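Just below sit the structures, each encoded as structure tokens.
The following pair of complexes shares a single chain, chain A, combined with chain B in the former and chain C in the latter.
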Partner chain A sequence: MTMLAADSRERRAMPGLSPSLKATLTDRAPILIPVAMLILLVAIYASLREGVFTLDELNLDTAAALTLVLAATGQTIVLLRGGIDLSIGGTISLGTVLAATQFRDDPAHVALWTVLILVIGALVGVVNGVLITALRLQPFLVTLATWSILSGTALIILPIDGGGLPSFWMAFGSRNWLGLSSAVWLLAVLVLFWLWFRRTRLGIAIRATGSNERSAFLSGVSPLGINVATYALSSLFAALAALYLTTQTGAGSPTIGKDYILPSVAAAVIGGISLFGGRGGLIGTIIGAYILTIIGNLVFVLSISSYWQPIVSGVILLIAVLASSIAERSARRSLT
Partner chain B sequence: MINLRRHRAILLAYLGMLLLLLLTSVVAPGFLSAAHLRSTVVLAAFIGIVALGQTFVIIGGGIDLSVPWVLNAAAVLMTLAAAGQNGPLLYIVPLLLVAGALVGAINGLGVALFGVPPIIMTLAVNVILQGGILVFTGGAPTATAPPAIQFLAVGRIAGFPVILILWIVIAVVATLLLSRSAFGRYLYAVGSSAAVATFSGVPTLATTVAAYTLSGFAAALAGMLLTGYTAQAYLGMGDPYLFTSIAAVAIGGASILGGSGNYIGTIAGALVLTILTGLLPALNLSNGALLVVYGVVILVTVSLGSESIAAFLGSFRRARRGDGAAL
Partner chain C sequence: MTDFLKATAVVKRYGGIVALGRADLSARAGEVHALLGENGAGKSTFIQILAGAVRADSGTITLAGEAYRPKNPEAAQAAGVAAVFQELSLIPDLTVAENVWFRHEPLSPLGTVRAATLNAATAELFARYRFPDIRPDREVRRLTLAERQVVEIGKALSRNPRVLILDEATSALPPAETEWLLGLARSVAAAGTLVIYISHRLGEVRAIADRITVFRNGETVAAYETQAVDDETIIADMLGRRMDRLYPPRVATATDRVALGLRGFGAGSKLSGIDLDLKEGEVLGVAGLQGHGQRELFQALFGLGRAEGSVALWGQPRDIRSPRAALSGRDGLALVPEDRRSHGLMLAKSIRENLTLSVVRRFTRFGLTDPTREQALVEEMIRTLRIKADSPEQPAGTLSGGNQQKVIFGKMLLTEARILLLYDPTRGIDVGTKGEIFTLMRRLAAEGYAILFYSSDLAELVHVADRVAVLRNGRLAAVLEGDDNSEHGILRAAMIERAAA
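Our next item is the complex of A and B:
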């Protein structure tokens, strides 16, 4: 009875659409909605300001968005597995603090510490993954605790914002090749990485575990292995975000990481990642991060108080998640 | 015995609190003085009141990240509207409590009616409130808390802190609600499994909305009381309470997945966090060390309460009794 009622409601809601087109639309809704939002925001931005469609603008916006994109890449991988990683805030703070206190004006030394920071980042994720699996604890609580521990460690190493970075390190952040900034090139590498990664055994296993944990484990996915790999990747990307962030700020900050925890989740969710795991991809997340960045630009161009930025971001987040949850529901309905 | 096992996590939280008190009395002898204990309890009361709402929401299987700015909004709006006078409080306080409850109801409707994940719904509401208050105040509210509020927060009746009396009343009501009311039973049912609860005739929507409504109410109440402690409202005053309210509930033995937990446990959690905060300056440790200790305490208490440890202890006990059982 209820199924019939749902069916007729569906038919009334979308008259004149063939069932297959309707299915395609609801299936693609999680990515189509953020794309439409981004186009709309860019259109508004372009109507308010000259030179939006230039390489300069692309370079600037990408440099502004890239730290969030990197942090949200790790978060995306964890969300696809059906978890969440709050500890990236601590990893980012610790990463910037280590870079600002340890880097010397010597490329070999910087290279060594870059590798060390990435290794420390990955180890944080290994600890998260082991704790979550071995003690059967909730990712939210484990990563909340490790976030606190890492932030505390960063505060002990560098109590206030400061430190310094070698000039060649910061020059990398503002360098251009073929008219494109290093941020754009890094983003291109990231997209290539993702196109490769999502088809690897690990990429498929992460998504499968997020869709249906039981069936993934029954088909031979190791619970410990998948959690360690997922959270290690997340922390590794957080460490990368920290390193990129230092090229922009030129300093370490023991508290800056917390500004990326919830926005990284927001960027992913706006981009169509389901918090229930298994659905969505990095391209959506990147679009989500750009949406959040463009909102900042718009608030600036409109010369209204910058305090409007969180309001607009929050509303966009709500619209995106409402739209995708409605789409998901109707998709589920048409399946049954 | 059955009760002992059911409330193992809560007992552990209180045991941990007593151990902490013992430890502090050794390293910092002045710590157990009446004055110091009193200030510890007063600080714990603020965490405890915020965490009251968080407890209900978490038992119902959700989480409330909108706590910081519901608290902050109530604090700022109350001090601005009252402008240091007691008179206007008569209508401002009830109005803001209702407003806080309404924000909570919106959270609950988003979660229960539209299927928005609680993390996202309450996060969005938090940033929208944050922006709203920043725009409204222009970033710098300047108003002091009225004397009546200061009395509630730091005053004493016969040497007894007023806020402690308030906290005890709240704790009794919350415990009765959870253990003796239909709402409490519904809440545990919804937290254990919303689907099963719905099919069993539990009003899932109303129960979830009620839990978030209570959380909004509690955060608004705590925000106004907190201005009495700090003597004024400032932007960002709610931010620490996101972490501490969730940590207090977790240390108190509630599962973040919902369906279990108790406000009595949360009280222990709030006290543990506050004792730790007071202990570290006595040991000459920095703010960073405090965060590290917080994290370790959460990990340890949550692992001790976790199912796998309980199963491990259970199998140990069974193995010891094994011969008898085989007969």
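Our next item is the complex of A and C:
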């Protein structure tokens, strides 16, 4: 006879809890916190400077943030899978030096090399995915190694910053349509892509694998397939980030990619992505990237040393992590 | 009738451990076929092979007359084999509906999965099989264990399987849902599906199974029509020749010396005013309906969570605020926790590391560990407890449930604590290992250990404990001994307030 007698019945009943406001708030904390932080930062920024609420400002900030947004998009996908991709630094560097050395003043040729750079980027991810799965290696170490290899390759192709890009290419970066810069339009396309992608079978499978790898496997997700897809998408977005970056800088740089590795992780985490995988979305990451960009603006407007920027970013990152972990804990408590 | 699923001489080894020596099974479409056997008999390995999660080393399986050798779970699902694993395969961060249709979601023209479509399809599926009420749009991590179990069943049914495998599917279900699942298994079989049903509960098996196959030590030892066999035969086949009694003889070994004395002991709002003496050489049972303070008692004694009142160990007043304070060697306490997979063991670590983690100082000299001495302690434990393993370096996670529990016992014994807190130590463990654990408990008591023993199975308390303390609403309701220590007596003490109300 077991002790699951009558009184355990009601506690084991299966009610559909009607979500109270508090539950909804703690549920949404990972996205509400960065939204609140962005509003606060923009408010501070607007109090220090005229013309913050203009299209010009939006165009400029988006152009400044977009490379990070693209890099962080790839990182977001990998983090949702429960991995991490340090190699995007190498892919970005390699992408910019390839563009700077290979692009000629001929649209057809540029189109060809654009495609090639994207393919090379995707192949980097395929290699990462295969190494991680087939050799059962840690993503951190595999991508650290491929980052190093790619960075060296970039240095061989173009040892110092430089090279040239066709003028029509750079003109694209500064063009406006309907008052909005190309960066804003690209961002809109990215958001549409995400709204579609997150509801595809692949999108769900990536999130599911990050949430519980063993369960995903038992449900029929192929470990190799999911890793190759995840890391290929990450590298593909890193290559896109590199291409966009060249429209802004007009040059290739074999070392610039490393500036995006940890900020891409920071943007995602500030935006509510769990490092343990499975939770969060790109909208949060985009907000995270804007937060980091606005911090840069603030440091500039206050004309304090630019060394303050990483300090403030670090504090913001800590606040975001702390706030969402408090929300997570209180959510768990309200469950039991 | 021909066999729909036929497995012949299926073998699976993990290193030197033979998980399946020779498994055979023949089952027909449209029947409920029960698989019985102790934990570690190879049932789990066998169904993992069927479900494509594990590949057999040799042997043949045919499904509907064709060779069946799934290389992964996806291939098994494509062949129409769906499994509800004991180890659930749900994704915590996806909704109920997303989980049910995971990997075969209905797609919109844009190739996307629409939440509304998915929720409607789930509601329809749940209605068709009269599922308990669960909202399709809830995230699975917000569900209770019982609800998850139900969703897992929905997930398997959503594939319209030709073979439905239910592995201990009722273990987490309350009685009403268990009834529902048994009815469901029958009706799915009536519609032509082969249902393979694994359970430790013989009553359930009798109620629904057409035929039974028994595994023992990785081999198929018997197969029969349910109606043509009695329970004694089934149990004899499951246990083999090892038919020694489950409960060891109970010899009173308690002395007058109080090992653990509680006065006014309590823990928050769940437990208060406990006065209790556990004596040297005694096994003192603790009973109560679920949620009446047993868990709080054990946790508070071990320094987890708040505690009030006074505690004396071997006559010395003690203030135990952390497990570290409880684990103070010979005059301390050791606990076997309830959830061995998440609290008691590091599954990826070896048996040796698990055993010696909390007692590193016992073989440390001048700040360095002495591997020879460590090895000696570990081997002694493996021998005393009869832990069935390849080597001390085998990861604890690869052991069967019963052997994992033995490792926890070993870890606890190595602390040299002579007051042992055992919280449901036999839960989910096969009959053979249960018997070994009871024998060990009585032997330890005879050696002068003092044991506080909670079990959710009343029969164990009645047969193993010298006295039983019954908790009700966080207070001590009665201490039963002699003839009063019976299942009836315990239940009455645990429930009497309810009966009066």
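Criterion: the second predicted complex is superposed on the first by the 316 of 336 C-alpha atoms of A that agree within 3 Å, B and C clash if a C-alpha of one lies under 4 Å from a C-alpha of the other, contacts with A are read in each partner's own complex, and residues count from 1 in each chain.
The rule we apply is simple: contacts are C-beta pairs under 8 Å (C-beta built on N, C-alpha and C of every residue); 3 or more make two chains touch, one makes a residue touch a chain.
The shown structure was predicted, so the numbers you read here are calculated from the model rather than taken from an experiment.
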>> Output check: A:Val221 vs chain B and chain C. Expected answer is one of first, second, both, neither. What do you get?
In response: second
> Can A:Ala205 be said to touch chain B (first), chain C (second), both, or neither?
Replying inline: second
> Looking at chain A, which partner touches more of its residues: chain C or chain B?
Replying inline: B
> After lining up the shared chain so the two structures overlap, which partner does A:Arg279 touch, if you call chain B first and chain C second: first, second, both or neither?
Replying inline: second
> Touching A:Trp196 in the superposition: chain B (first), chain C (second), both, neither?
Replying inline: second
>> For A:Pro107, using the defined touch cut-off, is the partner it touches chain B, chain C, both, or neither? Pick first, second, both or neither.
In response: neither
>> Which partner chains sit in contact with A:Gly162 here, chain B, chain C, both or neither? Use first/second/both/neither.
In response: neither
>> Under the stated contact criterion, what part of chain B meets chain A in this complex?
In response: 63, 65, 110, 114-117, 119-121, 123-128, 130-132, 134-135, 138-139, 243, 246-247, 250, 255-257, 286-296, 298-299, 302-303, 306-309
>> Considering only the defined contacts, which chain A positions touch chain B in the complex?
In response: 84, 131, 134-138, 140-142, 144-157, 159, 254, 262, 265-266, 269, 275-276, 305, 307-315, 317-318, 321-322, 325-326, 328-329
> Mind pulling up the chain C residues that touch chain A in the complex?
Replying inline: 51, 53, 72-74, 77, 85, 87-94, 98, 102-103, 105, 107, 110-115, 132-135, 138, 142, 144, 146-147, 150, 155, 174-176, 287-291, 456-459, 487, 491, 494-495, 498
> What part of chain A is in contact with chain C in the complex they form?
Replying inline: 1-9, 11-12, 14-17, 196, 199-201, 204-205, 207-208, 210-212, 214-222, 278-279, 335
